[in-house]
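Here the structure comes first, spelled out in structure tokens, and everything after it is commentary.
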Amino acid sequence: MAANTWGELFRVTTFGESHGAAIGAVVDGCPPGLELSEADIQPFLDRRKPGQNRFTTARREADSVKILSGVFEGKTTGTPIGLLIENTDQRSKDYGDIKDKFRPGHADYTYAHKYGVRDYRGGGRSSARETAMRVAAGAIAQKYLVEKFGIKFHAGVVQIGPHCTDPGQPDFAWQHVASDPLFCPDRTMSEAAQEYLKQLLKDGDSVGARVRLEVTGVPVGLGEPVFDRLDADLAKALMSINAVKAVSIGDGFAVAGQRGSEHRDALTPKGFASNHAGGVLGGISSGQPIIAEVAFKPTSSITIAGETIDIRGETSSIVTRGRHDPCVGIRGVPVVEAMAALVIMDHWLRQRAQNGDVHACVPNIEL
Amino acid sequence: MAANTWGELFRVTTFGESHGAAIGAVVDGCPPGLELSEADIQPFLDRRKPGQNRFTTARREADSVKILSGVFEGKTTGTPIGLLIENTDQRSKDYGDIKDKFRPGHADYTYAHKYGVRDYRGGGRSSARETAMRVAAGAIAQKYLVEKFGIKFHAGVVQIGPHCTDPGQPDFAWQHVASDPLFCPDRTMSEAAQEYLKQLLKDGDSVGARVRLEVTGVPVGLGEPVFDRLDADLAKALMSINAVKAVSIGDGFAVAGQRGSEHRDALTPKGFASNHAGGVLGGISSGQPIIAEVAFKPTSSITIAGETIDIRGETSSIVTRGRHDPCVGIRGVPVVEAMAALVIMDHWLRQRAQNGDVHACVPNIEL
Amino acid sequence: MAANTWGELFRVTTFGESHGAAIGAVVDGCPPGLELSEADIQPFLDRRKPGQNRFTTARREADSVKILSGVFEGKTTGTPIGLLIENTDQRSKDYGDIKDKFRPGHADYTYAHKYGVRDYRGGGRSSARETAMRVAAGAIAQKYLVEKFGIKFHAGVVQIGPHCTDPGQPDFAWQHVASDPLFCPDRTMSEAAQEYLKQLLKDGDSVGARVRLEVTGVPVGLGEPVFDRLDADLAKALMSINAVKAVSIGDGFAVAGQRGSEHRDALTPKGFASNHAGGVLGGISSGQPIIAEVAFKPTSSITIAGETIDIRGETSSIVTRGRHDPCVGIRGVPVVEAMAALVIMDHWLRQRAQNGDVHACVPNIEL
Amino acid sequence: MAANTWGELFRVTTFGESHGAAIGAVVDGCPPGLELSEADIQPFLDRRKPGQNRFTTARREADSVKILSGVFEGKTTGTPIGLLIENTDQRSKDYGDIKDKFRPGHADYTYAHKYGVRDYRGGGRSSARETAMRVAAGAIAQKYLVEKFGIKFHAGVVQIGPHCTDPGQPDFAWQHVASDPLFCPDRTMSEAAQEYLKQLLKDGDSVGARVRLEVTGVPVGLGEPVFDRLDADLAKALMSINAVKAVSIGDGFAVAGQRGSEHRDALTPKGFASNHAGGVLGGISSGQPIIAEVAFKPTSSITIAGETIDIRGETSSIVTRGRHDPCVGIRGVPVVEAMAALVIMDHWLRQRAQNGDVHACVPNIEL
């Protein structure tokens, strides 16, 4: 039972609380011989690091990762890779006043009931801080996958409150994400959303977001029917990210309104004629780009007073001071890429176990 | 690596192909002392059984389940429960003509590439026939959960093509599902959808559907952060059902447009004031009803000719004769309930393992 | 938690009680393309089948296995292989008189306390009958391993009570096992042991046995440090066989008396100079023959009255009528081979997952 | 696939190499509310710490453990417990000369073939240094088990080369172990063995050892048939310890020579009349003391030159300088206790999952 472990063959176990001494991860099952150093991982962590701009929490964390094991003379050895990030900026006093109250929309209430005790400092284990280790582990998977198959992961914010975009829009371009303060692939949407967020900050409120993922270069044949389908594991991986409330593959919820003659992707000698399926058929990758979208709820940590109860069950009111993101979906972008990488890495190893290397050579059919 | 096994503590392993000798399942980890017989499981299977009405495939399967082990003198013994259903109505000749072609929208292409061989008869392992064993195993979980906690599972079709409903509609009532030919909780929507399906059958086409799930009576504290969150496992369980392309919890994708002040559910001494979260906070059940929705794609098996390629990669055209549902989402309803039951059963045992029985006694807070 | 499942990648799940309707297994993870039919499995089952000679239980079971899924047109498809054996000769009345008593040396007492209920007919799930499915699953693994690597499994009885042998004895020869009624590789020992067993049958008593295993052709590199070492998994696999009380690798307990200068196996350009290690170094196969020994306890089902208590805790006496082996170790031989095959098959797939096919090509160094 | 993880519900994942920056572990699944601090773990580490006396390696390691997560205000929270020990005394130059040679009896050869690369410094991951984290994790399990059930773990060296003892000996007393330099329960044997070891050190040789384990206070009902039997998991746990080559339960290999009338333990209203079974029946704990023995091979790191080959396959000779134990079995004692604690802890949680707390209350029957 691996509550804090992801994966069957490429296994990532994370530990650590928001305001503990450190957070860390153990990556078990990484193939040997992969060139790896902290410098390969740090850039991924820097992307999700807090304090990057006015739209992310002011909390300052160096988030500098250390590799404690599994790498020798610059290469992975096949033994578990220990990763550690020390927590440096912990202002626990920010949280003392909520020690005895359950913040609405947070895990305080459920953790208290489940475990009988809870580390109330910044949400403890339930803090999104844990996702830093997912990003660190995902960076290793992404490095392996790009070197082995040329697999590329693109994720970006395609909706913030009333502002949204899609690949059909004139200004939509994945390469824009890297330089955009909102990790948005559409400059026009981004500018409108930034104005919206400035007002939101004045209001002391927060907003949700929708993130789109596209993965290219995935070979045909990844995914294990019937339960461990590639899309099923992807759904779990993405839904396991803090604040995510919905996951879709390909056309997603729109398929409920489609006809079979409209949805099915025709096959031609040159490849598929369309990609309504989102790159997965019968739970197995088809060689087309894998397309998914996820919805992030607005953070409940806002400065607008909220009605709640205290641990004695008495009515109370709460204002979350602390330092928080007005839109947690923004920093969720690298986490979405990381989880997708962990899923695909794990399934590649599973495919190789049962079917051998040869099947990985199947030409990746795309238009 | 349990591709054909669901669960950590309440483990269900299924096997069998659409046109093989039989399909079966092994349920491992069921607590001893549960009164159980075939009569407790059969009604659940009868709900998803084909040939129930004009809107489901004409294939006739008795789908009568046999318990081969794990039950002694009418009670479970704690040893694995073997379940078997023999395939009786297999018209393999229906499939001979597609032996060398990949049906668009089906798993033919991906299975062929992944495994190098495939059982083309009715989709073999990729056929939704496999879900019969999920329903059989889910029936055991549902019996345990209703007796232990009074947990109730409600699922129903809330959208078919252009026709949809929601709990706010005047005719929406869960009790209507049992008697409705489309497993729809809204008579008005059902009648309109039935007219729509009749025309669809004439056209030889199919359509997608959206199914809503509500689970009541779930105790507080089920779910294992950080990866095995209750909602994450629910997302995987539902996405693993054939034809499902999207899963949402609570307000789902709508949260991308919400503000924190609007989304967070206030806590009062009498319970939560709303349920935008859908019964899960931080991946742990809150005691509120668990609410989820899933989208089923339209089946690709239609009598309208489709463009495809054969195993030599040459262009071809295909018409799926066989016998199929115009809307697979309808018969997906009992499968959705079954998978939800497997997830909750598994997490209840995990909760008991780490926290003991006492935590299950936490009063179930609801408005 | 897979109490009734063996393996990580080549997974075998068994079910069924001694006197239930049937026993069965699901083999999940078998590579596709392996030629397989019942005829490949049956001979292995026939070896352990009861009623073969005067030294094994008189119970008559056809033990004819059926493949229910996972094989199409004579080849495995990569989907789970369902195996079933119907129980034909069940004389439950033999057991009615022990319904309320705990047979000493049996699992009656522990099952009753653990589960609160127990299927007392022939020991129910605790009966060695379950091992028939291990042999069936092991047969599939052995077929794959001999075809892929030429791996050969040799097991035989090397001790029965006071009579024993070892590879140094003049009459010791593995090929003798197949034709020997005691599965003994040494004709001289076998004849003496047969006389001993005849007297034992007259006495209504039973005796223990020691079984030796040698596996040749295993490539270098199988085994996953640190916990899933090849020898550790072998130890678990063998200790999980009914009645086994001890497992040793290579020189086994004798190493406690050895010096380092005597134990370590020197390496030469032509290979290892000796094999005190038993083919495993650091938990990884060395390419030498894997050598293990196991001890089977004498069955407690004998006709000599034994002191015990009934379910009310009152003192009582019991005589096991039923039909039993005087030496269960004999029929344990094919089970030992089967479990070794499951371990090696699983580790081969794990090796391929992490290190790819290439590492399997490492020349197998042997003297 | 959890090569570096032990357990299903009480999961311990270890990482780290002998001469890396640090070694660590993540303990996932520990019940919340257990009082825990470094001071509870350190004494267990100090027992196996090198440099304790002339009979253990001169390597000096503070081995001071840090708890990085999972504990808040002195109590476990139910979230993963991160443990870290920094490596302080690494003399890598000791190993430079064996960089290109395979030490006979070590894992150098198998690691090199399996992974293609190896950290040759002190054996890297294959070093027994890894067992420090097993002891740290085991300390947590032991604290929980003694507080919950009063379970006590006794292990001691009962054989070193030609010198041995057993519980029947006049000087045999478990309480002697704590003060004995060889962790031997028999002063007479210890004194003789110490003289033997002094000579061995002069010879630059090493010797094997046999360690006996007795666990008292284990409730009836722990263990999961059929594969995850308590004795099977114990066998794997103990065989997974570096240098262990054999494991026995109860009478062990002696059962091969016993008769059923002699072996079976009679049940009386006051409990079992004997314990040939070693506290396990049908893979489930009987409530009697659990008795096991393991054999440790002599370390191959000795100053007597050994024949070997280098990485080019050419013949060579090697002398292990480094700093090593003449008898690794001595420091194996706390590791044996730790692994037994991990097995029992895991099975207790598994028992509670399936059967609930009530079954833990079953009176623990002992003479």
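Per-chain numbering from 1; labels A, B, C and D assigned in written order.
Keep in mind that, in the parts below, a contact is a pair of C-beta atoms (placed from the backbone, for glycine too) under 8 Å apart; a residue touches a chain by one contact, two chains touch by 3 or more.
Each chain and its UniProt protein: A, B, C, D = Chorismate synthase.
It should be emphasised that the depicted structure is a prediction, and the values quoted were computed from it without experimental measurement.
Participant: A-C versus A-D: which interface comes out with more C-beta contact pairs?
Facilitator: Of A-C and A-D, more C-beta pairs in contact link A-D.
Participant: Can you name the chain that lies farthest from subunit D, using the mean of each chain's Cα atoms as its centre?
Facilitator: B
Participant: Using CA atom averages as chain centres, what separation in Å is found between subunit A and subunit D?
Facilitator: 39
Participant: Please report how many Å separate the Cα centroid of subunit A from that of subunit C, as a whole number.
Facilitator: 45
Participant: At least two partner chains per residue is the criterion; list those residues in subunit D.
Facilitator: In subunit D, residues 1-5, 8-9, 14, 29, 32, 78-79, 114-116, 125, 225, 350, 353, 355 touch at least two other chains, as defined above.
Participant: What residues on subunit C touch subunit B, complex-wise?
Facilitator: Listed in rising order, the residues are 1-5, 8-9, 11, 13-17, 20-24, 26, 28-29, 32-33, 66, 68-70, 72-73, 75, 77-82, 84, 114-119, 124-125.
Participant: For a test of understanding, state which residues of subunit A touch subunit B in their complex under the given definition.
Facilitator: Touch residues, subunit A against subunit B: 1-6, 8-9, 14, 102, 104-107, 109-111, 113-116, 125-126, 130, 159-162, 164, 200, 205-210, 220-221, 223-229, 231-240, 242, 245-269, 273, 276-278, 281-287, 293, 295-302, 304, 306-309, 313-315, 329, 350-351, 353, 355, 359, 362.
Participant: Which residues of subunit D touch subunit B once you look at their complex with the stated criterion?
Facilitator: Subunit D reaches subunit B through residues 1, 8-9, 29, 31-32, 78-79, 225, 349-350, 352-358.
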